[in-house]
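First chain A sits with chain B, and in the next complex the same chain sits with chain C.
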Partner chain A sequence: MSIRVRFFARFRELLGNEVIAEPSSPGTSLSGLVRQIAQKNKEGYAAIFDEKGAFREFVIVMRNAKRVDTSEADRVTVADGDEIAVFPPVAGG
Partner chain B sequence: MISHARASIIPVAGRGSAMTLSERERERYKRQILLFGEEGQERLKAAHIFIAGAGGLGSPVSIYLAVAGVGTITIVDKDVVDQSNLNRQVLHADRDIGRKKVESAEEKLSAINPDIRVNAIEATIDKSNADRLVRGADGIVDAMDNFPTRYLLNELARKKGIPLFHGAIRGMHGQAMTILPGDFPCLACIFPRAPPAEVFPVVGTTPGIIGTIQANEVIKYLTGTGELLAGRLFLWDGIAARADEIAVERDPGCRVCSGTGPQKRKKEKP
Partner chain C sequence: MIAIQREDVDIGRLIDEAKACGTGAVVVFDGIVRDDNITEMELEAYGEVAVPELGKIAADASAKFRLLHVDIVHRIGRLAVGENILVIVVSAGHRDEAYAGSRYIIEEIKKGVPIWKKELTKDGGRWVPGEHRHGKGK
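Up next, the complex of A and B:
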């Protein structure tokens, strides 16, 4: 099973461009997978997740072109071939 | 990526029949008439584009739309030019410090192209005036620096059945998307919540790049050229010098566009 996870903007600076993830166990949740990848960089993890390990409110997570409600990402199971994108919106003009 | 039939979404720009070009205009736009034809140039001339903001994004957007010959440009801003704006807001010069941005914008844009009409309006765009300010426009360019106003413009564009050309920047990163009326994702489909407000870092080249992409989208939309960034979020990373795109679909639970179904452009009184 392989899943492509891409980071953008500030998250990319902290966590790199993309990871081809191979979850060790079937039934891995979307938030579990991103948490696992983000743990390689403390600052990167803290940018995406709060102290309780939940996605920060403004973080955008897309799975195969559809935005995932991050409050439900613990219940979303990733599947082979999934394309995940994680990024913060930028607001300046 | 969402495919779409362009012919059905490109309106005949402006109101009434397309305007004929003068000799002087034919000469001025000679090199782009090679691209769009005279009909395309007439569409640009007949068009009215509303630019929300005369700052970092609004500067390149308005300059490029002015030189391209967009016939009517309405530009709205509430601020005066501050010295700290000048690293990126290329519409304004050192001598403009303390002047209203819209005054400076009107002067520059009219000097750049005296053949177009510039309506420069000093105002804070809010619920009470947005509908009136945007009246008669064929499209809205989001050159704002905050999400609450962006959401307002997104709702208004949806209601009026006109496109919203979104752009935003931070540091050396930027994003752009063209939000078309009808069955396309809107701003709230992808960004349902505003990021925290901040004094954002920025170098002028970032809004230069994103604003130019927005202006390019406007020109393509009006002339019916190429493929738009509809359902595609363009992401620019100036640090890595990489551009990416993310396919975006409509959110069936979106608070703005769900349940509204495809909308057509509404006719307005000029």
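Up next, the complex of A and C:
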């Protein structure tokens, strides 16, 4: 199973452009996968997750180009070929 | 023309092309790198999502304000003070629709299109905070 996890803006600076993750167990949750990747950088982890390991309120997560409600990301399981994107509030224009 | 690109935009050409049959007004919005004690601005986008979202905003604006033509070109990469960041060109039969459509498009872009700006300064840089804080899938 291979899943592409992408970070943008400040999160990209802290955690890198993208990670190709290969979760060992089927049924890995979206938030579990991102937590696992973010743990490689303490500052990056703290930018995305709060003390309880939940996505911070302002963090935006997409799965295959569709927004995911971050409060439900523990119950969303990732699948082979998924693209997950994690980014801070947008500031275009 | 709906695009996210590094290159600058030929606004004159876009205006010419916006003059569709029935046009009575063309409105141009040109967002520019402001000199806020910065050296440059760096922009990045989640292009695979941002371009379709710009297209949807253009289609929604066209339907809502009876626009005859819409161009949205957002630049990425490193831009100097005074350079164009975002160019929106709309045409309509009358000025009210053209102004309203242009305003709608820029506000919708700021609400949700995945693009980010970092102001680069002599001491480093700072990410421009988003105006809309919306992490819960909304």
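The definition used in the following text is that the second predicted complex is superposed on the first by the 89 of 93 C-alpha atoms of A that agree within 3 Å, B and C clash if a C-alpha of one lies under 4 Å from a C-alpha of the other, contacts with A are read in each partner's own complex, and residues count from 1 in each chain.
Just so we're on the same page, a contact is a pair of C-beta atoms (placed from the backbone, for glycine too) under 8 Å apart; a residue touches a chain by one contact, two chains touch by 3 or more.
Everything quoted here is computed from the prediction, not taken from an experiment.
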Quick check on the chain A-based superposition: chain B and chain C, clash or fit? clash
Going by the contact rule set out at the top, does A:57 touch chain B (first), chain C (second), both, or neither? both
Answer with first, second, both or neither: which of chain B and chain C does A:8 touch in the superposed model? both
First (chain B), second (chain C), both or neither: which does A:85 touch? both
Go through the superposed model and pick first if A:68 touches only chain B, second if only chain C, both, or neither. second
Could you figure out whether chain B or chain C reaches more residues of chain A? C
For A:17, using the defined touch cut-off, is the partner it touches chain B, chain C, both, or neither? Pick first, second, both or neither. first
After lining up the shared chain so the two structures overlap, which partner does A:27 touch, if you call chain B first and chain C second: first, second, both or neither? neither
After lining up the shared chain so the two structures overlap, which partner does A:93 touch, if you call chain B first and chain C second: first, second, both or neither? both
Just to be sure I follow: which residues of chain A are touched by chain B in one complex and then by chain C in the other one? 6, 8-10, 12, 57-58, 60, 62, 65, 67, 85, 87-93
Contact set on chain A toward chain B in their complex: 6, 8-10, 12-13, 17, 57-58, 60, 62, 65-67, 85, 87-93
Where on chain C is chain A touching in the complex? 31, 43-46, 48-50, 52, 74, 85-86, 106, 109-118, 127-138
Complex contact set, residues of chain B against chain A: 53, 55-58, 142-147, 167-171, 173-175, 189-198, 200, 202, 207, 235, 237, 239-240, 242, 244, 246-249, 251
Which of the residues in chain A come into contact with chain C in the complex? 6, 8-10, 12, 55-62, 65, 67-72, 85, 87-93
